[in-house]
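Multiple structures follow.
In the two complexes below, chain A is the common chain; its partner is chain B in one and chain C in the other.
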Partner chain A sequence: MPLSCSIKPAASPATGLLGLNMIKLLFFGRLGDFAEGVAPNIEARADLTPAKIRDLLAADHPALFAELSQPQVLISLNQMIVGWEQPVFDGAELAFLPPVTGG
Partner chain B sequence: MKPSIRIQTQDFDLGAEYKLLRQLDAAVGAVVTFTGLVRDLEKNAVIKSLTLQHYPGMTESLLQEIVDQAAARWDLIGLTVIHRVGELLPSDQIVFVGVASQHRADAFEAAQFVMDYLKTKATFWKKVDQGDQQHWVESKDSDQTASQRWQTHD
Partner chain C sequence: MSLSDSQFMRYSRHLLMDDIGEQGQQRLLNAHVLIVGMGGLGCPVSLYLAAAGLGGLTLCDGDTVDQSNLQRQILYTPEDYGKPKALCAQQRLLALNPDIEVNIFTEELSPATLAPSYDLVVDCTDNLATRQQLNAYCFAQKIPFVSASALGWEGQLVAFDFAASGNLCLNCIIDKESAEPLLNCSNSGVVGPVLGVMGSLQATTAIRILVGYFKQHGRVQRYDGKSGQWLTLNAKANPQCDICGVR
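After this line comes the complex of A and B, so read on.
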């Protein structure tokens, strides 16, 4: 089952369900298939950005890294669309979003 | 303007939704509804089922933004958006957009705008089960083109 198939409500950025020093990762759509085996949380550290987190995944998950590097993949931080160089802080929820196909 | 945004696994009743929009206000002179269904074919291959995934919280926020933009752009009395998630079968209802307004042009245009934006901006993803294989549906350029036509009018 893809990591992102959870139906439960996502952590609210205001209430910070995650403990400090952790960043929650979500992979939606086809990215979820490539993210099987990826830890759902990673430890926060100074100067992290979505681009750096993607790079951290490259060694153990090269296929996922390749998918995340597709130009049409968007990212959201605490459910807001952001750029790849946005700072990522403790307790954040970072989601990787392939092109949407609803409707 | 009375908005209603619902993401749900259960089916919806087109007649009941129409009735709610119709009865919102005596000023309602037009109700336009759109219902999207699960097709039995995906790229000319028969499908067994379709599973819709969304991003709880963010998807509702994005739909609210789309509804707010429609309300700012057209003179609307009511706007209902229902999107189903989970596993659906061919001919099942997926999505409903209903718009109530005084005059038909506002309702027609707002309904098209909401559907075009929903298809390209709201965080839903479809996975198709064709029995022997499953795959995620790819986004269509035609949907992007349909969405972009509204931007050129800004």
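After this line comes the complex of A and C, so read on.
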């Protein structure tokens, strides 16, 4: 499924390393089930935050957007837990983790 | 105080380990741990801690055993239907290890549960409000707190040693004012052994803290049993945190 024009899928570099101006996206656990067709890398640009990336996914991936809008979703930027308004820089790995509440 | 002959036999596989040994076993025997929630996580946690010779365990759960619990709550049998979980668990754990003390509260967490003093609290509950209450209690008492949760194929564990580290707590990671998500184990299910994985990790972490090898204050471990993946995340203290922030 094509992504909205504001998020461009990035070609995977042959080296396996992220190119410049790219952000790697990871949807952990059951979020992965809702993220089929989402490009693994997106183009970085100014003022990008996890909240803005979520909003950019809304049009083409409404079910994923709904899951990301649940309370207690965790976000990690390069393995550090951050908030929805954290600036996301070039070359970063951004992971979204669904809430896990049972016992 | 030294170990009895019977304790030497029972705990010999700890005593054989140089980094546990008699001193480590004595620390476990002298410790009293509160386990809140005797469901899918509380069962493996309490079995392993009882077997390991945690000298005192206090179990807290207001629920009774239901047929639908037996898919994952491995302490209980059909004979327990309708009986308080904490009471059934106490009988099983004492049968496993008569060497320890097991106290119970057959009601939900209350000030009475938190009145005695504990060396460590294990959070095996299924709701954020109780988790946050335990986090605040452990922070105030400066005692370690081992929290886990599970849902579907996934589990999460985070532990804090408030005796050693004064900032960064559960509320810095998950705001206590957050709403509960729609999904929980009752309405969306959970794979039994995922609770075993996370409960075993909680018991391992509790033993690691009590014996003195814990350095992962506030680190979050995530497990996805469907893909077999683990993820370890770090967290930062929130200076404005209501619980641990500078005021």
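In this section, the second predicted complex is superposed on the first by the 82 of 103 C-alpha atoms of A that agree within 3 Å, B and C clash if a C-alpha of one lies under 4 Å from a C-alpha of the other, contacts with A are read in each partner's own complex, and residues count from 1 in each chain.
In the analysis below, contacts are C-beta pairs under 8 Å (C-beta built on N, C-alpha and C of every residue); 3 or more make two chains touch, one makes a residue touch a chain.
What you are looking at is a predicted structure, and each value in this text was computed from that prediction instead of being measured.
Chemist: Between chain B and chain C, which makes contact with more of the residues in chain A?
Modeler: If we count touched residues of chain A for both partners, the winner is B.
Chemist: Using the touch definition from the top, say if A:Q79 reaches chain B (first), chain C (second), both or neither.
Modeler: both
Chemist: Determine, under the contact definition given at the top, whether A:P71 touches first (chain B), second (chain C), both, or neither.
Modeler: It touches chain C, and chain B stays clear.
Chemist: Could you look at A:R30 and tell me whether it touches chain B, chain C, both or neither (first, second, both, neither)?
Modeler: both
Chemist: Kindly classify A:A95 by the partners it touches after superposition: chain B alone (first), chain C alone (second), both, or neither?
Modeler: A:A95: touches chain B and chain C.
Chemist: Quick check for you: in the superposed arrangement, does A:A59 touch first (chain B), second (chain C), both or neither?
Modeler: After superposition on chain A, A:A59 lies in contact with neither partner.
Chemist: Under the stated touch criterion, which partner chain does A:A46 make contact with: chain B (first), chain C (second), both, or neither?
Modeler: neither
Chemist: May I ask you to decide whether A:G103 touches chain B, chain C, both, or neither, giving the answer as first, second, both or neither?
Modeler: Both partners, chain B and chain C.
Chemist: Would you please give the residues of chain A that touch chain B in one complex and also touch chain C in the other complex?
Modeler: Common to the two interfaces on chain A: residues 28-30, 32, 72, 76, 79, 95, 97-103.
Chemist: What residues of chain A sit close enough to touch chain B in their complex?
Modeler: Where chain A meets chain B, its residues are 2, 4-5, 7-10, 12, 26, 28-30, 32-33, 72, 76, 79, 95, 97-103.
Chemist: If you look only at chain A, which of its residues touch chain C in the complex?
Modeler: Touching chain C: residues 28-30, 32, 70-72, 74, 76, 79-81, 95, 97-103 of chain A.
Chemist: Residue numbers of chain C touching chain A in their complex, please.
Modeler: Those residues of chain C that touch chain A are 37, 39-42, 123-128, 148-156, 173-174, 178-186, 190, 195, 220, 222, 224, 226-227, 229, 231-236.
Chemist: Tell me, which parts of chain B touch chain A in their complex?
Modeler: Its residues touching chain A are 36, 52-58, 61, 83, 94-95, 115, 118-127, 136-139, 143.
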